[in-house]
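Chain lettering (A, B and C) follows the sequence in which the chains are written, and residue indices restart at 1 in each chain.
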Amino acid sequence: MTHNKSYTLAALAELLDVKLIGDEQCEITGLATLKGAGPGQLSFLSNPIYAEQLVSSRASAILIEEKFIESCPGNKLISASPYVAFAKATQFFDNSPKNPAGIHASACVDETAVLGKNVSIGANAVIEADARLADNVVVGAGCYVGEAAVLGESCRLHSNVTLYHRITLGLNVEIHSGSVVGADGFGFAFDGTKSVKIHQLGSVVIGDDVEIGAGTTIDRGALENTEIHNGVKIDNQVQIAHNCKIGAHSIICGCVAIAGSVTVGRYCIMGGASGAVGHISIADKVQVSAMSLVSQSITEAGKYSSGTIQMKTAQWKRNALRFQQLDSISKRLKEIENSTDKG
Amino acid sequence: MTHNKSYTLAALAELLDVKLIGDEQCEITGLATLKGAGPGQLSFLSNPIYAEQLVSSRASAILIEEKFIESCPGNKLISASPYVAFAKATQFFDNSPKNPAGIHASACVDETAVLGKNVSIGANAVIEADARLADNVVVGAGCYVGEAAVLGESCRLHSNVTLYHRITLGLNVEIHSGSVVGADGFGFAFDGTKSVKIHQLGSVVIGDDVEIGAGTTIDRGALENTEIHNGVKIDNQVQIAHNCKIGAHSIICGCVAIAGSVTVGRYCIMGGASGAVGHISIADKVQVSAMSLVSQSITEAGKYSSGTIQMKTAQWKRNALRFQQLDSISKRLKEIENSTDKG
Amino acid sequence: MTHNKSYTLAALAELLDVKLIGDEQCEITGLATLKGAGPGQLSFLSNPIYAEQLVSSRASAILIEEKFIESCPGNKLISASPYVAFAKATQFFDNSPKNPAGIHASACVDETAVLGKNVSIGANAVIEADARLADNVVVGAGCYVGEAAVLGESCRLHSNVTLYHRITLGLNVEIHSGSVVGADGFGFAFDGTKSVKIHQLGSVVIGDDVEIGAGTTIDRGALENTEIHNGVKIDNQVQIAHNCKIGAHSIICGCVAIAGSVTVGRYCIMGGASGAVGHISIADKVQVSAMSLVSQSITEAGKYSSGTIQMKTAQWKRNALRFQQLDSISKRLKEIENSTDKG
């Protein structure tokens, strides 16, 4: 894909701080996979499985580790981490629109809000009393920033994001459209006939360099704060309930559901549509498989799963019905073992 | 956490209608758990497991049942239901912003809309023709209230809520940001080559004292209405499809997915990320575990689950592969039993 | 339900292009199921199981196949596909509000945007630079249409929809409130201490006649585009990650989660809250059961499932604990079989 930006290979090598072997003047106009690349495009080899594509790829240059130099006939950029270098390259080809500094005429900014330098506030955005927006903050069209919310430097809210009152975002937090931070946690006390609301008195505190996808919800704490620590990346449609603490640099994939008061460690990966429930703690560096449920604390790093593997429905059904007899099956097996031992 | 409000213990006892034993003049400035509490804070004992913390807690006063009076050395408030009393106390420490009565200058309110007394309409909200908002209704910034929608007294829409046309809300319904009530139910008739839309002619009728979290969707009915009965509490990111009926006082936790035409009884609890599918009925007082799927009607109160329990992925995989042979395992076991019986 | 529209049976027969047997002047004022119908209502028989209701139904007319003529005593409309005919009938009783052509005074439309004939832009909507809206496009209140987005003829965005920059919609695409198309795909390269963002340079291309429910998110591609092909119908709260391709006429039910780079075939049905993960491909005409996870490519049409069936929690727990021993159970069974064979 051509992205309307162009660099000489020499310029790109400098931007990425990598060594170039090949034609300095070669024009790079886009990025692609080894297989998908064509002339003018830069590609990368990260997984050695694809090393044989180094020869057949039509890319004009390829980011590789030093050890693949001999296998790569064309222009190459040498990096210890080609995938990370490629990730960095994407920013130079990103031509998404930049929001202009200034307050759009249709935005409603309370006069007590405090705005830093170079702040951009989009059309029809609403900034409530006592909100504080640091330098270079971008608030997209239609966003709502509640009373006394605090946005650190270079935070960016895409359009139609909602921040409730007194939410705090660190530096460089990016939140995509439709997400809601700081709605009431879900807490009620049952009085025998009806649910009595527990007003949610805490807030949400989000660290630096956090990215939050579209349509995600993070609730405010009941008594204390819900916390999202530095470097956490959260995908779309994630639900993080009140009082959760998500440890630094963890990755929360799409549609994950984390129930109230769960603590997730640092450098964890919660796979897509996985869940955690029950006031539990999850250790650092835990990886939970897609659509798996964690209902007991995990104290040891590693990979965890629940569920079963897909089958044709007809076969699945026969097995799933037997699952309902599994305890009985186990006991009957034990009985046979016992009788055999005796025999 | 200190919440900027302060009451003497005597005043709080009166507000909560409970008996005070201790210092009437003690100032309470916040609420906390037994373990987390410090001076100035009120805590509570609900689960007897934590009774030993009554002595060590630094709380300035504790809500307890009468039977714990001897175990609690400091100031105490006596209640038959300390947790419910605590829930009630949260409202007195809630200092979330109050929306000012009146229509914000930037809101678009159709001239045929009928507004009660003391209605608050936020910035950039849109109220369509023939909508009726009863007394004390709050419509947050950026909300959309469709044609002929009806909002009962004291309803509150947080910012960026969408109500489609002809939706009806009872008294005191609260809806959090990003939620959508009344979008088209998902209905199509397949004509052999393509899906023909079934226009959704019903609506959504929501009873009194219902709370709906952030990012939740409730679809309008196909021919009749989707119904959410009195006192139902719905968390974030819940999907309730067309024609569902959710019985009074049921609790629908985050990320629950309820497919079309499902009837949920009264006083049910659908655990987080659980689901129900297949035009089924669920009896009163049923509790469904987190991430469990209900695909057959439930006629008896009680707790229901599906799925498996988390394991390390390596072990899980071995077992999950065996699940695919479970019917065969069962049959082979039966064969051995038969041959043993014969032997 | 009466829907404020009325047709003679003769007029309806002509609109639906079906044969009428009975009273041409009979007034039809609404639609209903056989069981729910009353005087003035048209019903239908699709599933032969309900054929006996043809006699007891109080409907004023019934859409039936020819073979049921003898079983249906009253007015009837004869169709080879009564359910499809009924679906078509719903449009004639749909009285949802029509958005007036023109640009609402409060909308912000960039002067470089290109608008076709008869375009409707609602209150507080924002249309960015170089966006192109073809004839008869409807943009609801509070929508955001990003830079250079393209909306084909007769597209309809309900209120509070967000389209990012350079998204392309085909003809007659309908998107419900709260949905977000074109947010960044979730891509990061881990550099050993932190996640480096992979800027998402692709876009989202949506074909003709696609419907997207409320609160759904479809991410833009990393390098190439995410694609939704013609006739696809997507329900609420669905997440479609970057680089996915959803084949023509597939049905994606509520709360489905499709991870990055998954290809779904044509005429598939992904059941409610099901998922797909792992850069896999799913063949045409595959049906995935509710809450099932597809983690391996499917090459053959048919029905697929994973998970287990609901049980009372007490029983379920016994079985679920045994699941954790299933590999051992299987091996022990094999051992007994071996020893029996030897014996």
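One rule holds in what follows: a residue touches a chain if its C-beta (ideal position, glycine included) is under 8 Å from a C-beta of that chain, and two chains touch if they have at least 3 such contacts.
Model, not experiment: these values are computed from the prediction.
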Fraction-based call for chain C against chain A, same above half, different below: different
Degree value of the rotation bringing chain B onto chain C, based on Cα positions, nearest 5: 120
Mean-CA-position distance for chain C and chain A (Å): 26
For chain C, residues contacting two or more additional chains: 106, 124, 142, 160, 178, 215, 237, 255, 273, 307-309, 311, 321, 323, 325-326, 329, 333, 336
Of all residues in chain C, those that touch chain B in their complex: 1, 3, 30-33, 36, 81, 83-84, 86-88, 90-91, 93-97, 104, 106, 122-124, 140-142, 158-160, 176-178, 209, 211, 213-215, 231, 233, 235-237, 249, 251, 253-255, 271-273, 290-291, 307-314, 316-317, 320-321, 323-327, 329-330, 333, 336-337, 340
Residues of chain C defined as touching chain A within the complex: 106, 108, 124, 126, 128-129, 142, 144, 146-147, 160, 162, 164-165, 178-180, 183-184, 186-202, 215-217, 219, 222-225, 237, 239, 241, 255, 257, 259, 273, 275, 277-278, 287-289, 292-296, 298, 302-309, 311, 315, 318-319, 321-323, 325-326, 329, 332-333, 336, 339
